[in-house]
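Following this line, the structures themselves.
Each of the next two complexes has subunit A plus one more chain, namely subunit B in the first and subunit C in the second.
Our next item is the complex of A and B:
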């Protein structure tokens, strides 16, 4: 009885969702490959942990940037392709201030404000780091958030507001235009070179010995962890305990109904851009602090991972965006255990495509904004 | 009043599509020729710049037409165009490159097949990957399809760049066949050197026109350009060839659009549920349309890059995809004539225009070197010397044109989202629906008043 029932259910599953079975088999193989590798010593435990740590931190950045994207995606109902360039804009504006504060008196102000365009100043030479110049880093981070908020509000006022009622696709295409304009204005001002921003040698780090190798954590890892978790908690409290969170949820469910109920929709939209833009700018700044380089393409290259996180977590859910970000970050970093390292990002995109095909409402489906 | 009559008269002059196309192309070419003459280009420089312009009009026209099949006809939001182009040209390259043993300098070899067969292989592969992506993804919402296709095109680019696929050794015999190739691969970050005969030469050989062509080149050498005229003539002829292919695309897509198949596609674009309710298997129609469009994009990619001497992965960044989208939106999604015109206008004004103007200014005024970065430019501007700033702007023109493209795209979406010709109604009926007695057959007159 039990056996035949299980068999019948298995058959139905095979008939209805052949892909699901393939995905399941692939997952089994992945686990077997990892366990077998660890047991035979082909894969080092310390390496796996390092990848996981790297993936977690990358995931926090993706998640932090993803909260803003997720909120605008559900409330304004469009996929914002310029979000990646908000990340870059935040990073550049924040780093300009950090350079200025860290290097005042050591180099000319123009070069500092241009974040050392053309190799005129090097972040390493200025000794930038959370322990060596904490004030410059903290102020830079706040400016990054503020600048992104300003930019997001400005662009919303002049670009998205006039066509608020258009379809999501029209807004998406418009956001591509915004992305181009922003990215290449940044190139015009700051140049195309990728610069090193921190003095990597001076960042304090601790090294653990773990079973079969060492595992390192540096001060910037900890900074990122603290800032990201703190901001995520802050957003959680903001949306849970204030009326704003409720208004956002109401709006993403049904905008007309929200307006009839007396929710000032334009103000909610503005608040969405402020929260989302601020987090995005800080995410961009922390990303650069953590990886130590800054280039005009950083945000754009991160954007698809952010989309992947948002879709994975379910559009509109900030917890989904955070969880999705961590999953995507872990995927991108840990996939090198199984596949060549060039395909880390490809693996993350692949996970996103698989989720879109089988569970397009995301893993936190049904819940929107908080 | 006078404005209306002027507009009417203008409309009457360009009332048919061929006339409209000829008129727009004539304006573009006249502007380029006139400014070239004004700034004293030599005949060689003039021809070179026109060949370049024609090349980009051709490729963008072609790709915009292919995209129109996806977006304009079927409503499929594909932003993975560059991935399909890349697949087309990489497969062509691998099939056509001579084996290392014969080829000499190239780092990775190929199968050494004739170029024609290689091109067919490339187009087929682009279509195959279109099928692979489309089969699961076409069920998705438009914005999800967009994200899947752009992720796909990035995965294609990562694959091109990866060391894993850089080089493979081909066994001497596969299933009993002796293959000519010794090593094949995607070449990694260094890309592939296309060390086969140029596509133009291969085509002319195939048509038995190579000897007459060489005769024509020596005629040009004797009468017009004394010093090494081959590259110039090659460029011009290849450009014209691309325009001819655009014509073929146009014919193919118009024919497709007017067929019963095309009418179903338009029904899907308007309302997929209705088409479904009328008994059409919309998934199958969408898939066919997607695969055909991907094949055309693959062929467009081949024509763009296969004659370039080498291909590298950075050429296949998503920027190209968005260029084609801007071209289509300028022209107007849904109209084949509009798509081609959009491609032509985009190539002439936004893609080549800024660079052309920069070259002209550099030829006309000897301005010297500009400042190396924005800071020096601003510093000079602060001390009321605008020249360094102007020079810096000119030197950054290839980046600034992307800013211009972005702004134009925003402006279009605000003010004219239907583009140049997208306002037309494409009637699905196979008979002429216009009233006898001169009323226009399209809806242009109805909303023509607000397009100043």
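Our next item is the complex of A and C:
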């Protein structure tokens, strides 16, 4: 009976969920490939850990930027495509200030404020880093947050607020227009060149020898980790324990009911842009500090991953954005174990699609901002 | 005091001829303060679509008024219109002598009205206590005495204060919604089908709670599907049909009226 029953059950499963079987087989193969590689020494344990570390940090950036996107989605009911360019705007504003503070007296102020446009100043030459110029970095980061807040409020006031009652599609299309406008304003001011902001060799780091190779952590990894986790915790506390946070959750849950209980909705919307904008600008700044380069397309390219993360996590949930960000980051970085690194982003989207096929509403499905 | 108002100004002229047709409504301009809530010639709807035509409605201080009528008659639309959630097309809504026709939904609560909508009337993602806190959002601090009063009235809410509202039963959600609306101790409570979806034994309990709330001094304007029970308990009732007042009278009189029984109460 055993064999025929197992066979029958297998057939039934194959008939009902052929897709699950394919995914299962692929997963088995991936695991086997990894284990076999580790055993034979073809894949190094230390490398796997390095990829995971890289993926975690990338994921934290994506998650941090995703919180803002998710909040504006759940409270304003639209997918903001200009979010990526809020990231870039924050990064440029913050880095302009960092360059200025770190390079005052060493280069002319115009070049510094333009973040070394046209190769006029190199960030590496200014010795920018969390250990070498902590003040310039911290102030730059705060300015990045403030600039994105200002931008988000300004655009909301003059672009989104007048069409608040239109459909989500109208808002979405408008936001695509805003995205292009912002990006090319940035290009107009700062130019198209990708500049190095920190010189990788000078960031202090510690290396561990781990079984079969070394594993490095540098000061900017730690900075990113501390800032991202700190801010995520802060948002969590804001939403769960403060009156404003509860009002935000209430409004994302049921806007009409929020109105009739006297929650001033425009005020909550403004607060949402402030929190979301601030996190977004800081995410942009930290992203640049961490990877060491800055270009006008950074935010736009990151936005695709941010959207993937937010959708994967369950759009509207900040916890989903964080979890989704980490899944996406880990996938993009760790996929090089199996496939060439050019396909890292593609792998991240592929994983998103697979997860959505099983959980169409995302990991934190049905949750709103809470 | 409420009966004085009801009998003198609304019921006396047609006490002998059964419920009055609302179209024959005759006003009594010499009365200065007729009622707490006064809806006059209200036309309202959604966007281009008009649902209500010339609706008149009064609720006096501490009075208990019901609106009954067939599905889709516009009962919920009347309630929403009082709170400014519909498209206003004509007429006025006055509350405590103040014109609130154009008051924004988020400001109506400041005037002393509480509203429990028919659907989605709790914040599903918030827990019970947070829902009640939202009821007092407009105050700087959560009023502990009001919270205490709500918990005393609905002990189940205190037992479940950390539970997410969306995971509670329909009856418990209804109590939570009512508790939320009572957090500011309103002068008038709007209840849209409070007994809908409740188990039969809970229906009576719910009506008893509403009686208690009313007896404690809060005027109630209630929409009910459970028309007989509602009319039995209320002071006065309106029958709304096709977005228009059809009948208005004391609850008992409507209940015993041949036409109303035939057409709206199933005989």
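Quick note on the criterion: the second predicted complex is superposed on the first by the 349 of 370 C-alpha atoms of A that agree within 3 Å, B and C clash if a C-alpha of one lies under 4 Å from a C-alpha of the other, contacts with A are read in each partner's own complex, and residues count from 1 in each chain.
Criterion: a contact is a pair of C-beta atoms (placed from the backbone, for glycine too) under 8 Å apart; a residue touches a chain by one contact, two chains touch by 3 or more.
Keep in mind that this is a model prediction, so the values were computed, not measured.
Superposition note: with subunit A as the common reference, subunit B and subunit C can be accommodated side by side.
In the overlay built on the shared chain, the residue A:338 is in contact with neither subunit B nor subunit C. When the shared chain is aligned, no partner comes close enough to touch A:122: not subunit B, not subunit C. Residue by residue along subunit A, subunit B and subunit C are tallied for touches, and B comes out ahead. Using the contact criterion defined above for the overlaid structures, shared-chain residue A:261 touches subunit C, although it does not reach subunit B. In the superposition on chain A, contact is made by A:250 with subunit C only, not with subunit B. Put simply, the three-chain overlay gives an angle of 90° at subunit A, taking C-alpha centres for subunit B and subunit C and rounding to the nearest 10.
Of the two partner chains placed by the overlay, neither subunit B nor subunit C lies in contact with A:33.
After superposing the two complexes on their shared chain, the closest approach between C-alpha atoms of subunit B and subunit C is 15 Å. With the contact threshold set out at the top, not one residue of subunit A is in contact with subunit B in one structure and with subunit C in the other.
Per the touch definition, subunit A reaches subunit C in the complex via residues 243, 246-247, 249-250, 252-254, 256-265, 367-370. Contacts from subunit C toward subunit A in the complex involve residues 83, 85, 104-110, 115, 117, 120-126, 130, 133-135, 137-138, 180.
Within the complex formed with subunit B, the residues of subunit A that make contact are 19, 78-79, 110-111, 113-114, 117-118, 120, 159, 162-163, 166, 168-170, 172-174, 176-185, 187-192, 304, 307-308, 311, 340, 342-343, 345-346, 349-350, 352-353, 356-357, 360. Taken together, the subunit B residues at the contact with subunit A in this complex read 77, 136-137, 140-144, 146-148, 150-152, 154-155, 158-159, 161-164, 322, 325-326, 329, 372-376, 378-379, 396, 399-400, 402-403, 405-410, 413-414, 417.
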